[in-house]
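Right after this note come the structures.
Each of the next two complexes has chain A plus one other chain: chain B in the first, chain C in the second.
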Partner chain A sequence: MTVITGLGIIAPNGLGTERYWDATLSGRSGIGELDRFDTTGYPSRLAGLVRDFDAAQYLPGRLLPQTDICTRLALTAAGWAIEDAGLDTAAVRDYDMSVVTANASGGFEFTHREFRKLWTRGPEHVSVYESFAWFYAVNTGQISIRHGMRGPSCALVTEQAGGLDALGQARRTIRAGTRVVVGGGADSAFDPWGALSQTAGGRVSADPDPATAYRPFDTRAAGYLPGEGSAILVLEATESARARGARAYGELAGYAATFDPAPGSDRPPGLGRAASLALADAGITPAEVDVVFADAAGLPELDRSEALALRELFGAGGVPVTAPKSLTGRVFSGGGTLDVVCALMSIRDGVIPPTFGTRSVPAEYGLDLVLGTARQTRVDTALVLARGRWGFNAAVVIRSVEKGS
Partner chain B sequence: MNRRVVITGMGVRAPRARGRDAFWELLSAGRTATRRISFFDPSPYRSQVAAEVDFDAAAEGLRPAEIRRMDRATQFAVVCARDAVADSGLDLATVDPHRMGVSLGSAVAAATSLEREYLVLSDSGRRWVMSPDQLSPHMFDYMIPSVMPAEIAWTVGAEGPVAMVSDGCTSGLDSVGHAVALIREGSADVMLAGASDTPITPIVVACFDAIKATTTYNDDPAHASRPFDATRNGFVLAEGAAVFLLEELDAARRRGARIYAEVGGFANRCNAYHMTGLKADGREMAEAIRAALDEARLDATAVDYVNAHGSGTKQNDRHETAAFRRSLGDHAYQTPVSSIKSMVGHSLGAIGSVEIAASLLAIEHQTVPPTANLEVADPECDLDYVPKQAREHRIDTVVTVGSGFGGFQSAMVLTRPRGQGERP
Partner chain C sequence: MSRTMTIDELRDLLVECAGGDDAAAPAGDISNVPFEDLGYDSLALIETATRLKLERGVVVPDEVIAQARTAGELLAEINERIAA
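Showing the complex of A and B:
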């Protein structure tokens, strides 16, 4: 059995778990104007940006020249998670600690600068750090080095499903015999090239109003907003957590991943199947689920597809559904993990955060979407869903320790 | 669940070797595919040698729309996946799509397309803030590489677990290890797994120049990759791909499939030491090898051949030799060890899968592929590296290893299934 004993959060609307959770419940948004460069002509200028994060405050100076912002976010959040877990890494055998991170766009801003140096000044100006600051495995490697973790480790890329897939892989690693896994996701790509690239493919909202641009499940939903951030957790074998007297926020009780049929196929999409498989994996029925943290794509077709999958599984209005990510934008690999943190906080505090921005939900969706204000209710079991572009689906079941297996 | 996993199909695109048979022909002849870079003018770069793949996307059966949207590494991966399915003889119509998944490795993924789009959007680097009107609709696919396993999933109709495993230069071992874990735990029955990288593009050449990781034998490209040789001075950058079809042993036997090998064990470890540096003692790679052998329930003495990472950098070959001594003990001195990077270069994330392909073919042909260009012995590398000429050898068990930036150290044990081609 795998429990979660530490949380490290850097979200557009809050640094640290408590500030993020408070913002999530009270509706403090991290969505704002992208002001890091001149965005004239860019199809979208809004994003969930981390504004009050000074990496130098949290990381040794020698790590700054060699890291992209996504790695600074990942390293800092991992450090906070380990501290939160009260884990003395020196007291655990190095091979009993692993790192599993998800990442989608690598060290994008870092590499953009190196591309520019190469093409304007020549190859001899390219940084000695480029070979590893760019690639998708960088966060796993850097966390492993900083904390002396030498167990089975990896980096996954499944676009925005990555944060949940990393947690699933962390549990797999624990089941195979590792005591502690630091796992989650981190992403950031808001330099001029990264920000523009994110708009390719037409799924980002062009609505210029930060309050309405990303309103999942709304009748007027018109796309999502991208975000940056990091959510890294400490996952641990129950016996390990118990032996060292650690507090467990909850259990990672179920996980599953599926993939949608090829475009143009008349076969049904796979999100509902991922949800069913995760519930079965946790050994529970839909009736036992107290809240669903939805993927909440913010595009009518995808919102509808998710709503119908939930209706099929839970019945119309059968379960409270929410999407706090409208306050952060979609934080790519960090997004699913952020929702897992919300689920753990919902269990702790007996409250479901609302979906801000969304006002009217089509009746045919059959959704009990938590709107307006937080809903006070006992939460023991949460289902968290995430989808990645091209067809990735992931589902995680989080349970309170009391209800856990 | 006690499910055993076997490899029943493979597809390979290696430098100067299109497909499985050409690949083995190159390896067993000890021929090298390393040449002066032809994709762009390499003269401004410190290292000007690479191993390029002759690849004609249209002739490989890709449609014009696929060629337009897919990065070169994705094209390699899709073509190899198709080959792997055909080679396995498995009729995909008999497989439940929900029970089929994809696990693909890549270190730098769409680097080639990223650099091409960068030059367009930035007006050859002159603009920091870019022109939205130049944006390719496919730019997002190049930025986030999980489109690569997605394209394979669409090609084969997989709707089970699909992921990219991006562990730098161990991606091609770790992606296959991941697939094995998914079949064993029951999340899938059939997996397409492998890796692809096409990094021969200026930014990648420059980033390895910067840390002097690549060779400077620019005047002698055919002999530039010199694993375990005292005169080695860096690896030769390469491109390539290999994808396998993996399935559960009993299912493969029921359908009478040809079985290349069982994946008996897989393990990876991190060195938690340095993003690019290696300690000389090989401790973590040795641990990975031991753990993989444990999983396969084999002693070190069962190992018949070690397919080395053998990149040809000073530090790697020393590190790795130490790891073999540490994990295999005296048996290391009785075991042939070779590096095919001497012939096909180092295709970063892809090479782990390309080396699995070489290991499977070594089992099939009961022949150890050689380490080409090995002329001058290095006292720190004192094992039997099978210099220059392939060697017939009884091979029931192969250990293939990888080592990568980020500190990743991986090992996989491949065994010839009992009753299959066994010699008396």
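Showing the complex of A and C:
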């Protein structure tokens, strides 16, 4: 069995697990105006931005010239997770520790800065570190080097499902014999090109009001807002955690991934199947689920599709559903892992955070969406869902250690 | 003949190219400290060589860079080329 023993969070609405969780319960939003460059002409200027993060405060100076923002977020969050787990990496054999991270954008800001140098000043002005700073796998590599983790490691690129897929792969790695895996996701893409790429996708909300721009499942939902951040966890074989007396936040009890049928197919999208497969993998029935952290796309068609999948699995209003990501924007590869952290905190504190921003949910959705204020209730089992564009679906079941397998 | 480079100037260039502006930054005379101990890998040295060429017109080939084990050794190669 795989337990989660460490959490490292950098979210738009909070640095560190406790500040993020406090923000999530109280409704402190990380959505704001994009101010890193002149956004004149951009159709949407709102985003979930990590502010007050000074990488030099957390990382050695040697790492700064060679890292994109997303890698700085990943490295810092990984360091916090390892510290939170009380893991003395020097006391564990290097091949018994692995790294699995997801990333969807690569080192966008770094790369586009180097591109600018290439076009305006010539090839000799391009940083040698561009050779790896752009790359999706760079976060796994940098964490591995910094913490001396040489076990089987990999990087996953499954768009916004990546954060959950990384945890699934981490569990697979542990089952194959690795003691400790540092796993999760990180993304940031808010340089001029990155921000343009976000809006060019056609799903970003053009509503200029930060309070209403991203309101998943709402009658007036009109798109999502992109966010940046990183959520990295320490996952461990139960025996390893027990042997070193580590605290376990919860168990990664189930995981499944599916892919949507081709466009135009009459088969349904794969999210519902991912959810039911994850429950089956955990060996539990829908009735045992206390809360669902929804993918919550914020677009009517996708919201309806997710609501339908949940209704089929749980029955109308059959389970509390929530989407704390309305406060952070969609953090791409970090999004699913952030929701897993919410699930673990919900288990710890016996409370389900609400979906801020959303006010009225179409009755046809049949959703018991937690609205307005947090709901106090015992939580032992949570289902976390994520969809990545172009067909990725992932589902994770998180259980309290007491209820664990 | 151009003015030769000092060890302090080389250290500043290394820090600028490959970081080190923190508590672990190299201080004092680093001439005989191996690059590995200073935390600079081969990429850090290649980046530094590129800047040497752009800013001072000194061309130190990659294979020479790869052979230098300390800042003192690299400085000798640089100044040999400045003097030539």
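Keep this in mind: the second predicted complex is superposed on the first by the 405 of 405 C-alpha atoms of A that agree within 3 Å, B and C clash if a C-alpha of one lies under 4 Å from a C-alpha of the other, contacts with A are read in each partner's own complex, and residues count from 1 in each chain.
Operating definition for what follows: a residue touches a chain if its C-beta (ideal position, glycine included) is under 8 Å from a C-beta of that chain, and two chains touch if they have at least 3 such contacts.
Keep in mind that what you see is a predicted model, and the values were worked out from it rather than measured.
Enquirer: Of the two partner chains, chain B (first) and chain C (second), which one does A:304 touch, if any: first, second, both, or neither?
Expert: A:304 sits against neither chain B nor chain C.
Enquirer: Of chain B and chain C, which one contacts the greater number of residues in chain A?
Expert: B
Enquirer: Quick one: is A:148 in contact with chain B, with chain C, with both, or with neither? Answer first, second, both or neither.
Expert: first
Enquirer: Scan A:99 for contacts with chain B and chain C and give back first, second, both or neither.
Expert: First partner only, chain B.
Enquirer: Examine A:159 and indicate which partner it touches, taking first as chain B and second as chain C; both and neither are also allowed.
Expert: Only chain B is touched by A:159; chain C is not.
Enquirer: With both complexes superposed on chain A, which partner does A:56 reach: first (chain B), second (chain C), both or neither?
Expert: The second partner, chain C, only.
Enquirer: In the superposed arrangement, which partner chain does A:64 touch: chain B (first), chain C (second), both, or neither?
Expert: second
Enquirer: After lining up the shared chain so the two structures overlap, which partner does A:130 touch, if you call chain B first and chain C second: first, second, both or neither?
Expert: first
Enquirer: Give one of first, second, both or neither to describe whether A:193 is in contact with chain B, with chain C, with both, or with none.
Expert: After superposing on A, A:193 lies in contact with chain B but is clear of chain C.
Enquirer: Residues of chain A that sit at the chain B interface in one complex and at the chain C interface in the other, please.
Expert: In the superposed arrangement, which is not itself an observed complex, chain A uses residues 66, 124, 127-128, 131 for both chain B and chain C.
Enquirer: Tell me, which parts of chain C touch chain A in their complex?
Expert: 15, 17-22, 24-25, 39-40, 43-44, 46-47, 50, 53-54
Enquirer: Over in the complex, which chain A residues touch chain B? Could you list them?
Expert: 37-38, 41-43, 66, 94-95, 98-99, 103-105, 108, 111-112, 114-116, 118-120, 122-124, 126-128, 130-132, 134-138, 140-142, 144-145, 147-159, 162, 165, 172, 176, 189, 192-194, 196-201, 256-263, 267, 270, 273, 332, 388-392
Enquirer: Which residues of chain A touch chain C in their complex?
Expert: Those residues of chain A that touch chain C are 56, 60-66, 124-125, 127-129, 131.
Enquirer: Which residues, counting only chain B, touch chain A once they are in their complex?
Expert: 44-46, 97-98, 101-102, 107-109, 115, 118-119, 121-122, 124-126, 128-133, 135-147, 150, 153-154, 157-168, 171, 174, 178, 181, 185, 187, 202-203, 205-211, 213, 267-276, 284, 287, 404-408
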